[in-house]
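By letter and in written order, the chains are A, B, C, D and E; residue numbering begins at 1 in each of them.
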Amino acid sequence: MANLSLRGLRKSYGTVDVLKGIDLEIADREFVCFLGPSGCGKSTLLRCIAGLEAMQSGELMIGGLRMNEVPPAERDLAMVFQNYALYPHMTVRKNLSFGLSLRRFSKAEIDSRIIEAARMLQLEALLERKPKQLSGGQRQRVAIGRAIVRNPRVFLFDEPLSNLDAALRENTRAELARLHKALQATMIYVTHDQVEAMTLADKVVVLNQGRIAQVGRPLELYHSPADLFVAGFIGTPRMNFLPAQALATLQALLQGLLPLELHGAAQTLGIRPEHIRLLAAEDSAAHIQARVHGVERLGAQSMVHLSAGPDQNLTVCVDGGQLVRSGDAVGLQFDLEHVHVFGADGRALPRRLSPAVQRALAQ
Amino acid sequence: MANLSLRGLRKSYGTVDVLKGIDLEIADREFVCFLGPSGCGKSTLLRCIAGLEAMQSGELMIGGLRMNEVPPAERDLAMVFQNYALYPHMTVRKNLSFGLSLRRFSKAEIDSRIIEAARMLQLEALLERKPKQLSGGQRQRVAIGRAIVRNPRVFLFDEPLSNLDAALRENTRAELARLHKALQATMIYVTHDQVEAMTLADKVVVLNQGRIAQVGRPLELYHSPADLFVAGFIGTPRMNFLPAQALATLQALLQGLLPLELHGAAQTLGIRPEHIRLLAAEDSAAHIQARVHGVERLGAQSMVHLSAGPDQNLTVCVDGGQLVRSGDAVGLQFDLEHVHVFGADGRALPRRLSPAVQRALAQ
Amino acid sequence: MISLAARSRRLAFYSLMLLLVLAFAAPLYWTLLTALKAKSELYAWPPIWWPAEPRWGNFVEAWTAQPFAVFLSNSLWVALLSTIGQIFSSSLVAYGFARFDFKGRNALFMIVLGSMMIPWDVSMIPLYMEFNALGWINTLKPLIVPSFFAAPFFIFLLRQFISSIPRELDEAARMDGANAWQIYWRIHLPLMAPALVLVGTFQFLGSWNDYLGPLIFLNDQSLYTLALGLAQFKGLHSNNVTAIAAMTVLLCLPPLLLFFLAQRHIMDGATSAAVKG
Amino acid sequence: AESQLLRFATWDGSESLLIQQRIAAAFEARHPGVKVQMEAYGGGYNQKLSAAFGAKNPPDVMYMWNFPQYQRVLEPLDDYLARDARIDRSDFVPGLFRFATVGDADGKTQRIYGVPAGFTAQVIYYNKDMFDHAGLAYPQEGWSWDDLRRMAIQLRKPATKAFGFGLDVNPDPYDFQSYLWSAGGRMLGPDGVSVQGHLNGAPSKAMFAMLLALLQQDVAATLGLGDGRNQRQMFTSDKVAMLLDGAAFRVELAQDGKRYGVVGLPSFQGRPAQSVVSVSALAMARESKQKALAWDFIQFFSSAEAVRLRSNDLPVLLSVAAQQGLQDDPLVRPFYAMVESMKETPAHLLNPRWMRAQDVVRDAIQEVFLSKQGDSGAILDRAAIKAERKLR
Amino acid sequence: MHKSQLMDAQSEMLMPISDPVPGKAKTAGKRRARSWSSWLPYLFIAPWLIGFLAFTVGPLLYSLYMSFFDWPLMGGERFVGLQNYQRVLFQDDDFWEALGVTARFALLYVPTHLAASLGLALLLNRRCLGEGLFRTIFYLPSMLSGVALVSIWSWIYSREYGLLNYALALLGLPAVDWLGSPDWAMSAVVIASLWSLGGTMLVFLAGLKGISVELYEAAEMSGVSKLKQFTHITLPLLSPVILFNLVTTLIAAFQQLTMALLLTGGGPMKSTYMLAMYIYDTAFKYFDMGYAAAMSWLMFALILLLSASVMRFSSLWVFYENEVKSEAPADRSAT
């Protein structure tokens, strides 16, 4: 059993409060992703779990046992450090085998695990090199390898794929998912890549400035962000926000979305770029009018940047084939079932979920 | 003038050949992205340009002058190192100002540049910290800051945003684009993030195992990859490849795509996940039949993994709202204007481009 | 290929090095010269740079004048054992001081530093008494055993070096399940290699050239070390310059050789590439 | 028989040590079951010995010259000498026992603490090659400092940096006493406490002035500093034609096959020259556990057999010297003559604290000869006051 | 930071890592772990601790004890209380003179020694042909025993036949009486001592090798001149090593004995007569052990004071990679 439970965890460096009370339950064998802006405390939280950092207060339980005083080695965790921390004097092979040989695994067992990890991370040809002789991505892969050969109860990954190319990343992601199934270990994973978070995680924890902003299944965060922060943070390109009062048409929109009593509270509307359709200017179906001021072509899709008024910038995601040019005037039609409404305190107002969304969430 | 020209550049570490003859022209003020799998030699190439690494043979010209023997300091470049290389004993402010104070900038000028960079990278609150007191992403931002305060002729960025969260990355990306316009400097940028490459670059250079696989404008790479490697490497999820002979229906498809004389040469068909439509099973419009064996839901989109026969796995990208389940039998319809054909040597066969694609490329 | 500026810089560098080499090699060269001279040539003026007929026999003569073979074996024992002892004990203690925080650490470390400053003269006699009580006088023990208990100089030296090894490596090892001892043994010891070469070199040379220790603690000539043998060979009244020079040259050959072999381990970037950032 | 270990400490090295080992071997042959452990301390003799005594673990028998300093830890040998018929004190070169004789703490009883093993006086060595080369006659007994000065001027060869005479400007003050005595001066008064009026007395000052003049006029080489420290080598390599030295130098010169002669010290202002005598003797530690055996060894060391073996030293026994015809050897005779010349008592025998004052004298000697422009009289006056203070 | 380090230390252990075990065994293990871990640091420093207690403390205290006696070595010690100290401090001109000479030596020696060895280390830090040979040769003089060095130097310094004056003569300069003139003797001793800077140089070299090349690359890219790289990167990052060399050189300067003893014997005219030599003479020439012990202790106190103040101010300029100074004043108590 390797369920984790964090209660009121606090940590500060000197006068800098980094973690300001974290309460979190992670079930056995769960795959949890930590998401959050740079500097919000993800690594610190991981280090607290690992036991590398003493917490100021709070309690950490693993498998039902209090771990605060248990040294890292005995927590049966493996960690991929954000900055790798490879042993510079050891070859890749030694880096991988170090943790195993300490635990007196047989030579054959060690070798087979190393071969397996090297295959998975495409490190076979590099086993006899020292870290200094590796490229950045290769170092990162060694760091991952060092953790996975260990087979612990809990994995802690700190942005393990950040320096890998897309193909390798996709591959490794798939391997990690496979590993997760095979090993039945609990995995905690810090990433900035939402695709990673979405595809891998059973549960995503969004952190903001040392606090948990929201915990939920990936699509839950996408479809029902708890507040402005999460809404803006999850999804790329980020959600468009419009002041609810700014445009009369938007006021009207609220009708279908919110219970009447909440209309007054609505402060901000949020709508993701992929939930806006571009229409011809003055098409009557358009909710608002806007002017294109930039187009980014990504191949399959294009990002269209528009302005709908002073300080009213929006991004819309359209098919890569669609023809748009800077300067075009267009109409925007919002996909109503995907409009989010936020109150003055930034928290999401309970909106009615369309059946489609409900279905998606139920899956 | 800061156009670069590389001719026959070779570099090896001991017996490891890393760069195997690179010929490349980079125009003044161009924004060039280097893409390529981990370990293919991107950083090494950057370091050769910077002058930190001596090349075995070949010539490097900047602004028309031979640079091989010119020490780094005199090349007027700024570089963001993949592993940051921050000065551990200096505060963030000192790290940023170090390169400036030596060039006798006025105190005021230095301060204003630092403030500007700190604002842009959201480092204002951290200026008095030492690198050890920063998170991974914060360190990376300092590394970027150190380069941009310098205002050189040529910027070299080695995966500068890899440790930043999506929002910050988007922001910084935009700032870099703005900077590029404002400073009129040539920028060379290594990244694994294709969105970055696509949105920022005037020109993308795809490297593979120390050789240039293809150079072109972003959409060119997307729409007309030169070979299987580039086709597979550019675009996420990656392009689906099918043996041309495998399915009779596919043979028939070729008719519209290739000049007749090349039909025999066609070995592999490629089609991107976003260019396949999911139809009901046995819909007559379907080109082939397949069975779903996995669905990844990313919110706006879902990735559907299918198998169309033994060893015939495909991925299809569908709208997040579309309902698919593992085990479903479906029909696949290929968007014919986006089918790529490759010969036995892996090189793309010249296909007819549809007007839409031609338009996209012309933009 | 190479630019003119670079070439002239290199030329300047190598000329400077050559000059320094001349300056630093001169002492040993002169000693060698002296060893090869006839006595009548010692004060030749102007100086001669190579004797008319080098007397290699002086070496044989000097070597056989005393049981130097016995002295050599004693010296080797003492130097090697104490070097081994010093390397391990000092690195262990330095690691303890660098990586743990414990009650009284700073005070104890100040004592370490302080004990480096103790003038040797007066504690010598009490030390002699102590070794005498232990029955160690006239054995090699007083010259070997204390090196197994870490010298302040080396503790200080190694502590300064450990302070530049990234703590992340300790952490990684802890995650890998290494205990404190294993972190020391498997991570720090190899990473300290450059500094350990220094410790080894200094201790070896210190033991090898130590004159006072053997003088005070040894009585029996069969236990003498080379340095003591040489000094005693010199005697109080005779001043056989050529023989002494010959012995001096012979005496510094083993450390010279050892150092030449060891110095390549003072290499760079022991800890580079360990962490990113 | 159970084996007995006798520890014997010596300061000698090289050949002399080998000789002593031979003596020890002969002694062992005579005393089955006894092993003599030779402890050769070389240049560290004093330090080692003091540590050993300080820690109460001294050798049984040891070489010794500074008896007043070690007196408290040495065994008085009067009784042994009196009882042992094998030893004939009258056969010893006269005056040597005086150096091993020290007054008790009460200052009344004088006891003998050592048996002489070697001695030397100071003579002038001259380099026959250099003299021949310059076409000069060799110095003769009864010569004077003026003669020396004249010869030195003629021997001086600036081109090869050769000098006629070398003056040790950094001498052991003990040896320097020869100069002062020869001038009728001394370092320490016979009362053992007054330095003033002696060190800075008129005779002493005159001697200093004369020597200083030799240096100032570039007649004498400055020895005792730099490689002048190896003054014997300078003599051997024909840089210095005349050198004041003791008997040990003979051995080295003989080995090198150098042509040299020796002559007694020159007289100064008509006074007969006087030389200090240096005596080494064997002493026994008071703490020794085997005094009888130790005495046997000491006795044996001074027996005719052993004295004959010690060919590097001048024989302390007159009978041996006579046997070897040394009294007639022109290269030895002057030593015996100079031993007899000694009338004064060396300062260290007059006051056990002399070593401290001696360093003051040494500094003064250096200052006189090195500062060169200084007023040597004033320097000596100051030094005398300071030295006296040290003795209190 | 203090606290977190403490915790780090506490969680370090010397026990084999056990598999996750049921609760009871765990708690037992934990208790054992805690008592273990509080002892652990002491285990690591035990070699020194034991050696210190066994071989240093005893003799040290004994010498302190001796310093309260009139102790003529050859028997007959007599308790005199603080008299020895009084005599040193108030009656002994020689002590103060020797102290002055020592200070002069230290003042000349320490900076030149540090600068020269750092300079050489910097030269050696360049990759070049035969670097191993260069290292070895620069270290050569440090391998020679003191006695050999001294005979070499007396040859070099000889007024008449010396190499140095020979060289001066070639340059048309007048000969200098290096060892014979009180004005030059100190410089001569300093220069001779400098020749054996190999040890310090190697320590610097090893320190230099530990500085990541990338930092220089980054600086190079920023167009930072070599000189500025040296002052702004090398020096700060080398500062722990500089501190080490400073302190040890300072101590060595004050304890300097061999070179002066053998080369000049303290002369001429006491111009190189240093404290260590005075103590040595007092002990082994005058056999005045009590007095020597008192002087030793005063010298010890002096060096301790000096080193402590150097260490104290070191926090202003020494940068420890792994010790980030926290802003919280409460935490400043810990290093």
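Here is the rule we use: a contact is a pair of C-beta atoms (placed from the backbone, for glycine too) under 8 Å apart; a residue touches a chain by one contact, two chains touch by 3 or more.
What you see is a predicted model, and the numbers here were worked out from it, not measured in a lab.
With contact taken as defined at the outset, subunit B and subunit C are each touched by A, E. The interface with the largest number of contacting C-beta pairs joins chains C-E.
Chain centres here are Cα averages; for subunit D and subunit E they lie 40 Å apart. Here the spacing of subunit A and subunit D, counted between their Cα centres, is 93 Å. Centre-to-centre separation between subunit B and subunit E, using Cα means, comes to 55 Å.
Our note on geometry: subunit C versus subunit E, Cα centroid distance of 15 Å, whole angstroms.
Multi-chain contact residues, meaning those touching two or more other chains, occur in subunit C at positions 43, 45, 124-125, 129, 166, 174, 177, 179, 211, 231, 234, 241, 269-272, 276-277. Touching of two or more other chains is recorded for residues 47, 50, 54, 161, 227, 230, 239 of subunit D. Listed for subunit A are residues 13, 52, 71-73, 82-83, 102-103, 134, 136, each touching two or more other chains. The part of subunit C that touches subunit D in the complex is made up of residues 39-45, 65, 124-125, 128-129, 132, 137, 211-212, 215-216, 219-221, 228, 231-241. Chain contact summary for the complex, subunit C toward subunit A: residues 166, 168-169, 171-179, 182, 186-187, 190-191, 193, 269-277.
Across the complex, subunit B is touched by residues 13, 16, 35-39, 42-44, 82-83, 133-138, 140-141, 158-159, 162-170, 192-195, 198-199, 218-219, 222-223, 232-238, 272, 274-275, 296-301, 303, 317, 320-321, 323, 356, 359-360, 363 of subunit A.
Per the touch definition, subunit B reaches subunit E in the complex via residues 50, 52, 71-74, 76-79, 81, 83, 85-90, 98-99, 102-103, 130, 132-133, 146, 150. For subunit E in complex with subunit C, the touching residues are 2, 5-6, 8-9, 12-17, 38, 40-45, 47-52, 54-56, 58-60, 62-63, 66-67, 73, 120, 123, 125-126, 128, 132-149, 151-152, 155-156, 160-161, 163, 166, 195, 199, 202-203, 205-210, 212-214, 237, 240-241, 243-244, 247-248, 251, 254-255, 276, 279-280, 283-284, 289, 292-293, 296, 299-300, 303-304, 307-308, 311, 320-323, 334-335.
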